[in-house]
Amino acid sequence: MLHPITTTHYLVLGAALLAIGTIGVLARRNIVVILMAIELILNAVNINLIAFSHHLGQVHGQVFAIFVITVAVAEAAVGLGILIALFRTRSTVQADEINLLKW
Amino acid sequence: MSQFYTSVDHFALVPALMLALFGCAVLLFDFFVFPAPRQRKWLVLLLALGIGFAALGLVRQYAFLKSEGLAEFTAFRGTLTIDGFAIFFNGIFLAASLLVALVSYRYLEIEGEHHGEYYGLILLANCGMYFLATGTDLVTLFVGLELMAICFYIMVGFLRLDRRSNEAAIKYLLLGAFSSGFLAYGFSLMYGLAGSTRLADITAALAARPPWDPLVFLAMATTAVGLFFKVSLVPFHMWAPDAYEGAPTTVTAYLSVASKAASFALLVRIFLGPLAGTRAVWQPLLAAVAVATLTVGNLAAVTQTNVKRLLAYSSISHAGYILLGLVAGNPTGIKGIAVYLLVYTFMNLGAFLVLIALRRQQILGEELDDLSGLMHKSPAHAILMLIFLLSLAGIPPTAGFIAKYYIFWALIQAGQYWLAAIAAAYVAVAVYYYFRIVRSMFVSELSEREPLASSFGLRLALGVTGVLTLAIGVHPEPWLELAQNSVLLR
Amino acid sequence: MSEHLLSIILFTPLAGMFILLLIPSRRTDLIRLWANIAGFAGFAVSLPLLWRFDKNAAGFQLVERYEWIPSLGARYIVGIDGISLLLVLLTTLIGALAILSSWSAIQEKVKQYYAMFLLQQTGMLGVFLALDFFLFFVFWEVVLVPMYFIIGVWGGPRKLYAAIKFFLYTLAGSVLMLLGILTLYFQHFRQFGYYTFEIAELMKLDLPLGIQQWVFWAFFIGFAIKVPMFPFHTWLPDAHVEAPTAGSVILASILLKMGTYGFIRFSLPLLPKASIDPRIVKILVGLSLVAIVYGALVSLMQQDWKKLVAYSSVSHLGFCTLGIFALNPNGLAGSVIQQINHGISTGMLFLIVGIAYERRHTRAIAEYGGLAHVMPKYATVFAIAMLSSAGLPLLNGFIGEFTILQGAFEANRLWAAIASLGIILGAAYLLWLYQRTMLGQITNPKNLRLPDLNLRELAVFAPLIAWAIWIGVYPKPYFEVLEKPVAEILQRVRPEYWEKASALAAAPLGVLR
Amino acid sequence: MWADTFFFYLFALVTLGGAMLTITRRNAVHCAMSLILSLIGVAGLFLLQRAEFLFAVQIVLYVGGIMVLFLFVIMLVNLDQAARMRQFSGQWWLALACVLAVAAQIVYVLVRGSQAFRFARPEPAAQGGNVERVADVLFKQYLLPFELASLLLLAAIVGSVIMARKRI
C-alpha cells in the first residue's frame, strides 16, 4: 500500500486538499483566508491534473494546469482588488460581518 | 493561412473575435480617444457595432449550416463546435448584452459611476459566454467561464463607493471562485478518465464505464456542484439574492439573464454530453434539486419586500423550471430549455428595466413601496411591468406561458406526472408574489411624484422586451422553429 | 364577412378596448359612452346567430379554423353548438348590461375599468367558442387577469384579499387542468403519431380507464374551482362580496358557467369512461347535493345581502352539476337551461343589491326594511328576480330546476329528493330576504328618501325580465336548440342508454311541450 | 523507487500540513506563510511527476507572485482587529461532512488497493523535454484557450485597477 506510489495516491492527496480548502472556505470568516482556501482548492485540481498527465504519458494535463494557475491569478487579483474597495467603505474583512445583505 | 489557424477556425471564431476586438477598442478609446465624460455615448455606439458584427458572424454561420445541410462543424481541433445550439444561445447573449448596454448609460450617470470600462467588460463577458456555448473542450469551457465570471465580479462591484455593491461583489467572487474550483476538480477527473479534454472523447470514455463507477460518480458530483452554483440551484443558491440585490441593477439584469443562460448552456453540454451515460444516476438527483429549487425560490420570494431580491428568488425558481427540462431529458425538454431561456431573457430583462427606470437621483426605487401607484404616474411602465410579471408567472397569452408549457409537456411526455404537478402547483405560489408587485402598482396610492428616469436607450429596450414578450406569446411559431434548430438530440 | 361571424363576435369587445385606450383618460363621459357603445355592439353582432344557427344540424356550426402554432399543433378553431350558442348570447347580453349598469357606480380610474371589462368579455366569449384546447386554455386564463383587477381595484374593503384568493384558486386549478390537457395531447400523439389540440381529434382517443380517471380529476379541479363545487367554493363569497356590482354580475352570470361548460364540453365527451365510472359519479353527485343544501342553509343565516346572493349561487350551481352528472338528456338539458337562468336571475339579484348599495353604502340586511314604500319599481323588479331565482312556475327558474329534478329522479330518486329540499330552502331564504328588506314599515330613517329606479337602471333590468319570462312561458326553442348537442354528448358517454331508451330520449320534457 | 516514495510522503505532508495551518491560523500573515509552504509542497509534487515547467511556474508565479500580492493586501488592510475576533463561523457540520467524504475515499482506496480507480489507458510517452512538449501542446491544441487567457488577464487587470484605485 505504501509502496510504490501510484496515481491513486495523488488522487487521494488531491481530494484531501480539496476537503481542506472547502472547510476553509465555508468555515473561516476572514475573507483573505477564504481566498487562500480557494487557492488550495485550485492546487488540488492541479495535483490531479499533473498526476493524470504523468499517468497518461502526455502533457495535456500540465497545460490544463497552466490555465488553472492563470485563472487562480486572475481571481486572486480581482478578489484582492474588490477587498481593498470593500475595506475602504467598510473596514472589515470578516465574511459574516458583511451583513448588509444577509449571508 | 497556417495549419494552426485555418479558414474554418476563423469562420468559427469571427463573432468572438469581433467581441474581443471591440472590447479592447472600447477600453483603449475610453482612454485615448474619448476621455471626456460626454463622449461616452460613442463607446456605446462602438459596443453596438461590435455586437452587430458579431451577430453578422453568427448569421453567416447559421446560413452556412443551413446551406450545407450540416448539423455542426468543429474548429480548432475539436475545441469549438458550431451547431444550432451554440448559435441560438449566442443570439440570446448578444441581445441581452446590447439591451443592457443601452440602458446602462443613463443608469450609471445617475449612480455617478459611469466609466468607459463598463462597456468593455460587457463585451469581454459576452466573449466568454461565446465560448461557453460553443466550446467542446474542457479547457476552453473553463477559461471561457472564468472570463465571463471575472467580468461579472467586477461589474457587480462597479459602484465602488456603495457598500452593498462591494459586499455583493466579494460574496459573488468568493462563492463563484469556490464553485469554479469544484468545477475544475470535476473537469480534472474527467480528463483523467478519458485522457483527453475534448467532450467527444470524454463522452466515449465515460460511456464505456458502468454508471456507478466511483471515479465517474466523483467527477459527476463535483462538476454538478460547480454548475449548480453557477446557475444558482438549491442548495447552492445563497449567493444569488445578495449578488442580485447589491449589484447595479443593470448588472443584475445582465447577470440574471445572460450569465444564467450561458451557465445553462454549459450545464446542458456537460450533462447531455460526457455525463449522458450516467443519466440513471443524475436524473433523480436533478429532480430532487429542481424540486428543492422551486420550493426555496418560490417560498423565499413570498416574504421579500425588496423587488430586486424578490426577482432574485424568482430567478432561482425559474432555474428550477429550466432544470426540469433536463430532468425530462427528451427532445421536448431540451427544446423547452432553449425556449425557456429565450423567453426568460426578454421577460426578466424587461422586469429589471422597469426597476432601472425607477432609479432616480436620491431614489433607489427598489422597494415594493417605490412601485406604489405606478399606474398613475406612468401607465406605460406599469402596463409593461404587468406584462413582464404575467409572463414570469406563466399566464397566457404572454411568452412565459409557452416556456412553461414546454416544460410541462416534456415532463408529461417523460411520464413524470408528479414532478409536473409539483411544478404546476408552484405556479400559483409564484403568482402570489408577482401579484404583490402588481397590487402595489395598480392598487396602492402614489408614494412619490418624482418622474421616472428615461432615455432613448431605456425606452427602446423596454419597447423591445415588451413587444417580444407579447409577440412570442401570441405568435410563437418562428421562435419555436429557431429553438427547434438548437436541439442537441436529433 | 358573414363566414367570420364568430370571430367578429369574439373580437368586437377587444377592438372596442383598443379604441377605448386611445381616448384620453380625463374625458370620462366620452369613455363611458364609448364603452357602452362597444358593449352593445358586442351584443348586436351576436344577434345574427339567432337566425344563422341551424338547430337541426349536427355537430358544430359556423366553424372557422386557421393554423396558429403548427409546431405545437395548436389551431385557431371556433365554432358553436346549441350549448355554446346559449352561453354566448348570455355573455354578450349580460356583458352589455353590466357595462350599462356601472355608469354611475364607477367614478375613478374609469378608463381602466371599462378596458378591463371589454378585455374580459373577449376572454369569456373565447372560452365558449374555442374548439381547440390550447386556444380554450389561453382564453380561460385571459379571463383571470381582468377579473383580478375589477375586484382588486374597484372592490370593497377586503378587495385585495378577495382578488388574490380568486386568482390563486382559479389559477391553481387551471394549471392542473393544463396537465390534464397535456396528457390527452401526448396520448393522442402516441396513438395517432401527431400532436393536436383539436377537440374533435382528441375525441377519437381510446384511453384506458386509469388515464381517463387521472385526467378527469385534473379537469375536475380546474372546473370545480370555477363552478365552484362544494369544497372549492370558499373563494366565491369573498370575491362576490368585494367585487363591484357589475363585477359580481359577470362573475356570477358568466364566469361560473365556464366551469359547468367545461364539464359538459370536455370532461364528458373526452373522458366517457371516467364520466360514467360509478365512483366518480357518486362523488360528483354527492358534492353537488352537499352544495345545494349547504349553500341554501348558509344563505339562510346570512346577515349580508350580497353574501346571501353569493351563497345562493353555490346552491344553484349545485343543481347544474347535479344535472350534468345525472347523465341523461333531461338532466343535461336542464343543467344548461339552469345555467342560463342562473345567469339571468342571479345577475338581476346582484344588480338589485348594487342599486341599494349605491344609494346607502351598506349591505347589511338589517339596515333595510320596507323599501317597497319608497321604491315601488325597485320592489317589483326585485320580486320578479326573487321569484325567478326561487323557481316559481311561469318564470325561468322553474323550467331549469324542474328539468334537472326530472333527470335526477330518473337516475336516482334519492338525489331528486335531496335536491328538492334545496328548492324549498331556496324559496325560504329568498322570501325571507324579500320580507326583511322590502316589506313592513320603514324602520331606518335613512331609507325614507331613497330615489326609485331611474330610466337607465330600468333599461338594465328590462331585457333580463323579458328573457326570464320568455324562458318561463315558452321554453320550447331552448330545448330544441339543446336537443342535438345533448344527444351527441350522451351518445358518447352512455351509448347503451341511448339504445335502450331511445323512445324516451326522443321526447325529453314531453310534459312541457 | 524508495526515494520517490519518501519524497511523495514528504511533500504530501508539507502540502497538507501547510494547508491545515492556512485554514486554522489566527493571524492572516501566518496563514499566508503557511500557504506558501503548502504551495511549495505542491511544487515538489510537480517535480516528482516530471512536470518541470509547472514546477517553475508554481514557484515563480504562485509563490513569487500571488503570495506577494496576498501579503501586500494583508499589510494594506488592517487585519489586527480581525485577528482578535472569532475565526470560525458555526458551520462545523460542513467540515465534518468534508472530512467524512475524504475518509470514505481513503478507506475505499485502502480496501480496494491501488487499483481502486481505473483511469484512461496510458499512451506511449512522447520524446522531447518537458518544456518543449508543453509548448507544443499549448500552441497547437490549446491555442484558442491560450488566446482567451490573455483576455481573461486583461479583464482581471482592468478590474483590479478599477477596484483598487481611489478615483478613476
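Read from first to last, the chains carry the letters A, B, C and D; within each, the first residue is number 1.
To be clear about the criterion, contacts are C-beta pairs under 8 Å (C-beta built on N, C-alpha and C of every residue); 3 or more make two chains touch, one makes a residue touch a chain.
In this text the structure is predicted, and so the values were computed from the model without any measurement.
**Q** So which chain is the furthest away from chain C, centre to centre on CA atoms?
**A** So the chain farthest away from chain C turns out to be D.
**Q** Centroid from C-alpha atoms only, then distance chain B to chain D, rounded to Å. What do you get?
**A** 31
**Q** So, what's the distance in Å between the C-alpha centres of chain C and chain B?
**A** 44
**Q** How far is the middle of chain A from the middle of chain C, if each middle is the mean of its Cα atoms, in Å?
**A** Chain centres of chain A and chain C, defined by C-alpha means, are spaced 65 Å apart.
**Q** How many angstrom lie between the CA centroids of chain C and chain D, rounded to a whole number?
**A** Once rounded, the distance between the two centres reads 71 Å.
**Q** Going by the touch rule set out above, which residues of chain B reach two or more other chains?
**A** 139, 142-143, 146, 150, 153-154, 157, 160, 192, 195-196 - these are the residues of chain B that touch more than one other chain.
**Q** Pull out every residue in chain D that's touching 2 or more other chains.
**A** As it turns out, chain D has residues touching two or more other chains at 105, 116-117, 119-120, 122-123, 141-142, 145, 149, 152, 155-156, 159, 162-163.
**Q** Any chance you could list the residues of chain C touching two or more other chains?
**A** None at all.
**Q** Among all the chains shown, which pairs meet the touch rule set out at the top?
**A** Contacting pairs: A-B, A-D, B-C, B-D.
**Q** Going by the contact rule at the top, pick out the chain B residues touching chain A in the complex.
**A** Per the touch definition, chain B meets chain A at residues 138-139, 142-143, 146, 150, 153-154, 157, 160-164, 166-171, 173-174, 177-178, 180-182, 184-185, 187-189, 191-192, 195-197, 238, 241-242, 245-246.
**Q** Can you tell me which positions in chain A touch chain D when the two form their complex?
**A** The contact residues of chain A facing chain D are 1-13, 15-24, 26-30, 32-33, 35-37, 39-40, 43, 46-47, 50-60, 62-63, 65-67, 69-78, 80-85, 87-88, 91-96.
**Q** Would you tell me which residues of chain B are touching chain C in their complex?
**A** The touching residues are 375, 390, 395-397, 401, 405, 408-409, 412-413, 417, 420-421, 424-425, 427-428, 431-432, 435, 438-439, 442-443, 475-477, 480-481, 484.
**Q** Along chain C, where are the residues that touch chain B in the complex?
**A** Chain C residues touching chain B: 68-72, 112, 137-138, 141-142, 144-145, 148-149, 152-153, 159-160, 164, 167-168, 171-172, 175-176, 178-179, 182-183, 185-186, 214.
**Q** Residue numbers of chain D touching chain B in their complex, please.
**A** These residues of chain D touch chain B: 105, 108, 116-123, 139-145, 148-149, 151-152, 154-156, 158-159, 162-163, 168.
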